[in-house]
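Read from first to last, the chains carry the letters A, B and C; within each, the first residue is number 1.
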Amino acid sequence: MIAVLIRDMRLAMRAGGGFGLGLAFFLIVVVLVPFGVGPQTALLGKIAPGILWVGALLACLLSLDRIFALDFEDGSLDLLATAPVPLEGVVAMKALAHWLTTGLPLTIAAPFLGVLLNMPQAGYGWLVVTLAVGTPALSFIGTFGAALTVGLKRGGLLLSLLVLPLYVPTLIFGAEALRLGAEGFDNVTPLLMLAGITAGVIALLPFVAAATIRINLR
Amino acid sequence: MALFGADVLGYLGDMELMNVTNLACARGGVAVLEGVGFSLAAGQVLLLRGPNGIGKTTLLRTLAGLQPALEGDVQVAPDAITYGAHADGLKSTLTVTENLEFWAQVYGVTDIAPALQAFNLEELADRAAHNLSAGQKRRLGLARLLVTGRKIWALDEPTVSLDVASVALFADAVRSHCAAGGAALIATHIDLGLEADVLDLTGNKAGPRNLAGFDEAFE
Amino acid sequence: MSIWEYANPKLFMQTSGKYLPWFAGLSLITLVAGMIWGYFFTPDAENFGSSVKIIYIHVPSAFVAINAWIMMLITSLVWLIRRHHVSALAAKAAAPIGMTMTLIALFTGAIWGQPMWGTYWAWDPRLTSFLILFLFYLGYIALWEAIDDPDTAADLTSVLCLVGSVFALLSRYAVNFWSQGLHQAASLSVDKEEHVSDVYAWPLWICIIGFVLLFVALVLMRTRTEIRGRRMKALIARERVA
C-alpha cells in the first residue's frame, strides 16, 4: 500500500501531474477577490477567513477527478482491483496522496495569502490549524465522489455537483472555527466538529469508495 | 481472490489449477456467454478462440473476479490469477523500472531483473514509458506478469503491436512459466507457436435470457 | 401475504394500477377542500395580512420534500439489501418529485419572506438546509441520468443516497450552528408550546394529507412508467439477441 502512495506522489510531482494546479488556483482566487471586492483593508480582513476556506475548497475540488480517472483509462485500476492489496487501502492511500499534494501545500501557503487579505493577527495560527484539520476531510470526501464518477466520460462537472453538498458541513465548521478564532472568540465547538468530520470520513469513506469502485468496474 | 459471485471451492485435483463449470457471464446487462466449462492444469496453455464480440474479454474479467458470474462455478485457489488486459496499466511519466517496481511491490516481489531480462527491456530500463514505442510498452506490460508471482495468467490479446521477435520472447516466457508449474489462459487470434489446447467459444453464445429476474415476472 | 410480494413487478403493476386512481382522486378532493377552507374560510392574520395563507402550499411542500428523501433512503436500502428492482425504480421515480417540492417550498418561502421579513432570501438555517437538499436531489438525479447500466446506476445512486443522508443531517446541524434563524421553531407540533393557531391548523393538516396523497399518486405513476421503460428495454435487447 505504501507503494501506491509513493507511486501517486511521484506521478503528481512529474511533469503534467498537476501538483501545482491546486496551489495556483488558490493563489488566483485570493488575488482576484480584492479586485472584485475593493481595496478596503477592514472589509478584506473581515471576509479573509471565508475567502481562504472557499479558495482552498475550490482548489481541492479542481484536482479530484484525477484521483481515479487516469488509472481507469490506462487499465491500472483493473489491475489494482485484482492485486493482493485491499482496494480499501488503495483508496485510502490515493486520498492521502491527494491530500499530500493538494491539501498540505494549501495549508502551508495559506498564511502567506492571508497577508494579502489583511487577515487579523490572531487568525494565522487558526488558519493553519483549521486547514490542517479540515483539508483531509475534503480529500477523502472527494475521493468518494471520484469513485462514484470513475467510469463516466465528462464526469468532472457531475463530480463537482455531487461533492459540493457533501463539502458543506466541513466548510461551515472550518470557516466558522477560523472566523471565531481570528476574532478572538472561543472556537472549540466548531473545531471539534471539524475534527470529528475528518476522523469520521477517514474511517468510513474508504470502505464506501472501494465498494463503489467495484460496482463501477464490473 | 474472487470478488463476486464465483464460488471458491477446494475440490481441485492435484495438477488442476482451475476448474470452470457451466459458467455464464454478461456484458452491459446482456448475457453473452453460457455453458462455458473447462479445466486448467499446471503446465497447460489454453487458447480462447471465437469471433469478435463473443465475450472473450468478459470471460477473462469474470474469471479475474472483476465482475460477477451470472451462473456456474469457478473453482480456483485464492490469489492464483493475474489478469492482463488490453490496456497495460502503465504510467507514462514513470520509467520502465519504476513502473515494474511498483507492481513488484504490490505483489510482494523484490527482484525485477528477471522480468526485464525476459522481455529484453534492460536497455530501456531508465526510459520514461511515454518514450517507448507501442510494442515496447506492450513488452513492459507483459513483463508485469513475471513480477506477480501468480500461477495463472489470464491474458487478453497479449500480442497486439508486438513484432515477430517479441512474440517469440512472449512465447518463451509462457513456456518457462508453464514449465515452472504455472498455466496460461490466452485470448488470441495469432499462432504463438506454443503447444496449447484450444477452447472455442463460438458454441457458447448465450441465447435470450432474463437478467436479474426482472421481467420473467411478466411471462 | 408479505409486503415483499409487491417487489414482483407484475404484482406491483396490477395492484398499483388498481389503487392509483383512488390516490389521485382522494388527493384532488383533499387538496381542493383544504385550499378552499384555508384560503376563503380562515381570517387574515393580525400583522401579516392575507400573505400568511401561502402556508397552505409552503408547509405541505416542505413536508413532502423532506419525506420524499427519507422514502428514497428506505427504498435505496431495500434495493441494496434485497435487490428488488421495483424498490430502486421507486427511488428513481421519487427524486424529481422531491426536487420539485423542494423548489416549490423555496419559491413560496421567498414570496412569503418578502412581506414577512422584508427580504426574498436570507441565509436562515431552514432556507439554507432546503437549498442544500435541492443540491442533493440535483446530484442524485444527475447521477441516475449519467449511467447507462440500470443496475450500476441503481447501486451507485443508492450509495450516494445513503452517504448523502448522513451529510444532510450533518449539514442541518452545521447550518443551525452557523446562523440563528428567522423561522419560528415548528409550524405544527403536538405540544401546545409554539405552533400556529387552531384556525389555521385544521386546513393545514388537510393540505398536508392532500400533498402526501399527491406524492404517493405521482410516485406510483412514475414508478409504473419506469417499470414499463425497463420492460421495453428488455424486450428490445431480447429481440436483438434472438
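Convention: a contact is a pair of C-beta atoms (placed from the backbone, for glycine too) under 8 Å apart; a residue touches a chain by one contact, two chains touch by 3 or more.
Everything numeric in this text was worked out from a predicted model, so none of it was measured.
Q: Measuring between mean CA coordinates, which chain is farthest from chain C?
A: Greatest centre separation from chain C goes to chain B.
Q: Taking each chain's centre as the mean of its C-alpha atoms, which one lies nearest the mean of all protein C-alpha atoms here?
A: Most central by this criterion: A.
Q: Using the average of all C-alpha atoms in each chain as its centre, how far is it in Å between chain B and chain C?
A: Measuring from centre to centre gives 48 Å for this pair.
Q: Just give me the whole-number Å value for how far the CA centre of chain A lies from that of chain B.
A: Centres of chain A and chain B (C-alpha means) sit 37 Å apart.
Q: Take the average of all CA coordinates in chain A, do the same for chain C, and state the distance between these two points in whole angstrom.
A: Taking the average C-alpha coordinate of chain A and of chain C, the gap between them is 32 Å.
Q: Out of chain B, which residues touch more than one other chain, so two or more?
A: none
Q: Chain A: which residues touch two or more other chains?
A: Correct list: 218.
Q: If we count contacts the way the header does, which residues on chain A are in touch with chain B in the complex?
A: For this pair, the touching residues of chain A are 2-4, 6-7, 10-11, 14-17, 71, 73-76, 78-85, 214, 217-218.
Q: What part of chain A is in contact with chain C in the complex they form?
A: Residue positions touching the partner: 144, 148-149, 151-152, 155, 158, 161-162, 164-166, 168-169, 172-173, 176, 189-190, 193, 197, 205, 208, 211-212, 215-216, 218.
Q: Report the residues of chain C in contact with chain B in the complex, numbered from low to high.
A: Touching chain B from chain C are residues 8-11, 83, 85, 148-151, 230-231, 234-235, 237-238, 241-242.
Q: Which residues of chain B touch chain A once you look at their complex with the stated criterion?
A: 1, 3-4, 61, 64-68, 79, 81-83, 85-91, 93-94, 98, 102-103, 105-108, 144
Q: Which part of chain B faces chain C closely enough to touch in the complex?
A: 28-31, 206-208, 210-212, 214-215, 217-218
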